[in-house]
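See the structures that follow.
Same chain, two partners: chain A is paired with chain B first, then with chain C.
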Partner chain A sequence: MTERFPLSRRDFIASAGAAALTSAIAAPALAQSANKPLKIGMVTSLSGPFTALGESMRAGMQMFLAENGGKLAGRAVELIVEDDQAKPDEGVRKFRKLLGQDNVDIVSGVISSAVALAVRDVVTEAKALTFISAGSANDLARKAASPFVFRPTKTNWMLGHTAGLWAYEKLGKTGCMTIGADYAAGREYIGDFVATYQQQGGKVGKQLWAPLGTTDFGPLLTTIAAEKPEFIYSFFAGSDAVRFLRQMREYRLSGKVKLIGGGALFDQEDVVSAVKEAALGGLNTCNQSPTAPSSAAFTKAYQAARNVMPGEMGTAGYVTGQVIKAAVERVQGDLSNKEKVKEALLAREVETVFGPMPFDPRNNQAILDIYVNEIKEGAGGVPVNQVIHTYKAVRDPGPVA
Partner chain B sequence: MSSIADGTGRVETRPASQRRSLPVTAKLALLALATAVPLLFAGDYQLRFLAEILIIGTAVLSLDLLVGFGGLVSLGHAVFFGGAAYAAAIASQALGADIVVMLAVGIVTGMVAALLMGIVVMRTIALFFLILSLIVGQIVWEVVFHWREVTGGADGLRGFPVLTLHTGFATIPLNNGVALYLASVVLALAAYLAARSFVTAPIGRALLGTRERQLRMSALGYSIPRIRLMALVASGAIAGAAGALYPFVNQYVGPNAVHWTMSAMMIIMLVIGGVGSLYGAFIGSAIYLGIQTYVSSYTDRWQLVVGLVFVLTVMIMPKGVVAGLKAAFGRRKDAERRS
Partner chain C sequence: MGFYAVQSLNALSFSMLLLLTGLGLSVVLNLMNFVNLTHGSFFLLGAYVGVYWLASGAPWWLAFPVAFVAAGLAGFLLERFPFRQFYARTHLMQVLLTYGLSVIFADLMRWGFGAQILSPEIPEALRGVVFIMDMPFPIYRLFIIGFGAALAFALWFVIDRTIWGAVVRACVTDRGFVETLGLDTRRIFTAVLVISAGLGGISGALGAGILSAYPGLDEEVLILALIVVVAGGLGTFRGTVLSALLLGFAMTFSKVWVPEFSNVVALAIMAALLVALPEGLVAKKVRQV
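Up next, the complex of A and B:
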């Protein structure tokens, strides 16, 4: 790589020199940019409700860069990580700092969808190459899609929709209840699940909502016990998921009522490793699985480094690195022409730990394999997300034409 | 700042002219210089950051009217600020984002919000005032958080037009660092002058009176709830003006802007900058946002630094950082004057 590099650069300078005066002026700048370090900014949540997730994401990205010797396409990489506290206002401030003060070449990260939506106009205005690692509100791939914002992650629809298909086919045509966290993401997951499930012909019973940060699910769980549903579709994340699963067990509902949810409900690192047996038997649809074939090497490495199996966020940090690497290498480290970078990235799929990842040219949204995971006992009796089915190449409906 | 609470319950008030040695023209020149320096050296990002400091500082300034002069510690102040921010962002979609219209919308929203909150809280003080303002604030937050069709819910609002200034000849878009910075300098200055004239006016003196000698004020025939209500409305107007510009710095407004933690942040800024000093609001806002933005690049535990600064301020510089530093460097004019 380092051998090939100066050659192509010299060729380029030669051709540019032969061309108009303006490009001759631009050429030295280009030649210089190849030797300059590649600055990657990452905004993630290192304080606030998503702290653990943000630390995993950062660790995933750092792992990836360490494995590559801190270099991409021959350019040394400088990673600048900023904390958004999961607050949109703060996220915007940090994106502006990275772009305006640190002059990064690429911005990435973001866990909270609200932050991803808030920074959309900032990065669009700045025409910054942006890689959203996790923010997954449907609008990000629809109304708020943007020419230089790439989304190597799922949308909520992709998970809710596939869960609807699976539930109708395997769990039952009736006797469905839903319980979800009462905020934007929860409403989307549950809404998309219900839409698909009903479209298939399924019947949905009672729908319950719990505010974000609910500590006592008792009243809702007694309702579930009284209704005796066949299965429940649920969306909670982080500590809400941990408390919900533990209390399901305490109310002796786990095992009796089949539970299927969004990936976050049974996130391997964040939730399953905390609740252990209380997760057993649970189902989820997720774009990530520690037992997916594409994740085998990464799962091992992550476990060795962090002493826990990777969940979605750790993997997302790593995958973001993989996608950035593909983009940077396909243009030989020269990011000056963003249209070319985009063209190169969209041209063919990227092999990632999530699985093969082509991008949808309409909205730069990744088209992903969605795994149906079941929590089973793995080696040493540790509950693990085991892939029991894969929906190939799930594509978000995207912006309506 | 012609009135300074000295922490013992006594208040020293004297006309500004007696305490200031610099002539007005020199002050204006200094001010113009201070405004111009960032324009020469700061980039777009830094100017926007300064604009944000000034806008949030203006909101903190309005809180100082209540805390520093009325003894009314409010945990619902974000409602005036954030409510106006939402009102401006929503109105801009229908009316366009002319700065004069936005300021009017913000000021009216802030005043109406303050009036409504005032009706609930004006008869209380101290803990009850704190709790009631917190509750009113959280009701507003709940509404904002759940009314997705209008406020965007948890995702907030974006994609509204950029701020513009209509002059007689042309419409100037205020969407770059320089323009936003200059607009917020004007806002901050106007707010400072308005707040200063409020506290030196009879109503300001009466407000101090309600804090210091409630019983005597009642005996003299003043209606304490009415005075508090007027202070709240004045404070709401200033906070509303600041809130009106806030969405346009980042072209975004979210439910955080009305959350009680925003009110708490303003109180922390106020204490760091100096309660009852008015100008301290801007100092506190600069210190807090500076720590939050720059220290957090080096450590995940930046909140610890904010906490330490806060505790140290309260312990060794209870009148705020500027007054504290002045005292530390031997300029003890204030102290001498008191003794």
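Up next, the complex of A and C:
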């Protein structure tokens, strides 16, 4: 009978004691790895053409971490911010530094699509958990998608496409002109808009292009005044957008010709707050709006902290924080198994300031609500992006099968 | 017809901006043989001063003299140290010094004025448009054309037709000789640099109405100004005027006819010009004995 219990009582006590002992030794070690500070690297543009955008993005992320008491899933967070100067080679260098030298757990940020494309191989090789906050070239969600690169932001197609739908439905079937910044992003926005608009049956007239950093839009605006279009689809960003809108008004085109553009053309913080009334009446499609219901609390907090309403980049920094938080919390702070982190993040949507955000399992690209914003006078006569329509759950076509 | 009339005015207003910026740079280069790459910083400083002045509610027309004074003051301090120590050195050393300084100033201004894009409140009086054969043209641009032409003429007159100008030109030719006449050449050079910096500032304040003010504008402007000065020919006033007009018209009409290739076409014209006339549009007659 004793054969049925190979363990004697003495043995049992000994082994139980040993087990207790090992777990006593092991437990603090485990707890320690969970309590080790969570290092988040953020690469953004703090000099060069996207300086203002980069500062907003950093501020958004810092705001988010401050609101969470500097802790995610019980782990203290250490944020390391690096400047890529909006240059791909500099971006690669900074990602290598964060991953190789600082040993961060998560990398995030990036405004320039060129930087996002350049660092893609670096983070893929290192199997680093990556959250691209803003780089939005279509290829990032298509050819250049990568298993551990998450994209809590839009692709250019999502905005160009929805603008095409809206323009055809509400603005007119003919009398369309386009004018865009002549570089990769401008070509994508205008191209995707034209493709959708024509697919619907719309007719596109003259298409104008202006080099990046155009100082004087006068000649192009005189051409537009001579062509007399019904409406213009346009894509410019940053200082180009400011100059374009101001000069539109100087040439008395603002009221006469309806203007619809990509979100960056009427970015609340970067552009609208600079051009003020010159933006009134403008339309844009964007994944962000300061007046979206999901953004209400954030808009208020951001305004209190920075004295300006948030634009896309400030919001993107914050949203990146929200998505990282969701990922870290869903695995109880343990990022050692990356497959598990990915599974948890893709499992269900994240509630963000942009709106509900599920991820597309094919390419880790966020599926987003796209807002049609119109610039109207808000409280105190300040021009504000007001949501007039929402395209629900817009999903990039993704990698072509 | 109206279309081309307005496009020509567009070209003219852009040429004026190029001219004003180029003039400040060329004055120092021509008269003092000093390469000053901080000129873009003076422009941006003037632009910021203009923006803040126009937002302050003080009389708007004072914005331009104030920008002149602010940038001139910066020039005055810089001339004391370290520019003065570099007048006698090679151009390469001057480039290294002034380029380095321009990077520092870019950072300082970003820190002081912020990184966001600032646009001036254009005064009510200049905000309208005139219709030329049914085509709109902003009054502010007419103002730039007029103001720029007046300023350029005044500068030409002073340098070419007055005793002051003669003294400055003599300094360049033979500094020692001017000293023997009992004139303090160091002071003369200071004055020229202050005027050059002030010109940069005033063109910044004027230009901000079209270009806005933001970090990075300094470099964009500097490059255009360098093209104007180099293509115009060193040491000539008329050359700078001619090349500003040429670049302005080339950039404007290439945007009208071939918008996709506007930069390529405009810069190719300037490059071809340099190949054909390596001394610049108007070469200084050099007499060698």
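Keep this in mind: the second predicted complex is superposed on the first by the 369 of 401 C-alpha atoms of A that agree within 3 Å, B and C clash if a C-alpha of one lies under 4 Å from a C-alpha of the other, contacts with A are read in each partner's own complex, and residues count from 1 in each chain.
Throughout what follows, a contact is a pair of C-beta atoms (placed from the backbone, for glycine too) under 8 Å apart; a residue touches a chain by one contact, two chains touch by 3 or more.
Model, not experiment: these values are computed from the prediction.
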Chain B versus chain C as contact partner of A:210, first or second or both or neither: second
First, second, both or neither for A:220, with chain B first and chain C second: second
Touching partner for A:83 - first (chain B), second (chain C), both, neither: first
Between chain B and chain C, more extensive residue contact with chain A: C
Contacts of A:97 with chain B and chain C, given as first, second, both or neither: first
First, second, both or neither for A:121, with chain B first and chain C second: first
Touching partner for A:183 - first (chain B), second (chain C), both, neither: first
Partner chain(s) touched by A:113 [first = chain B, second = chain C, both, neither]: first
Which of chain B and chain C A:137 touches, first, second, both or neither: first
Residues of chain A at both interfaces, chain B in one complex, chain C in the other: 47, 51
Contact footprint of chain A on chain B as seen in their complex: 43-46, 48-49, 52, 145, 148, 153-156, 158-159, 250-252, 254, 256-257, 292-293, 296-297, 300, 302-303
Residues of chain A defined as touching chain B within the complex: 46-47, 51, 80, 82-83, 87-90, 92-94, 96-97, 99-101, 113-114, 117-118, 120-122, 137, 139, 183-184
Of chain A, residues touching chain C in the complex: 47-49, 51-52, 55, 182, 208-211, 213, 215-216, 218-220, 222-223, 225-226, 238-239, 242-243, 246-247, 250-253, 269-271, 273-275
In the complex, chain C residues that touch chain A: 3, 6-7, 10-11, 13-14, 107, 110, 114-119, 129, 135-138, 140-141, 210-212, 214-217, 220, 251-253, 255-256, 259-260, 262-263
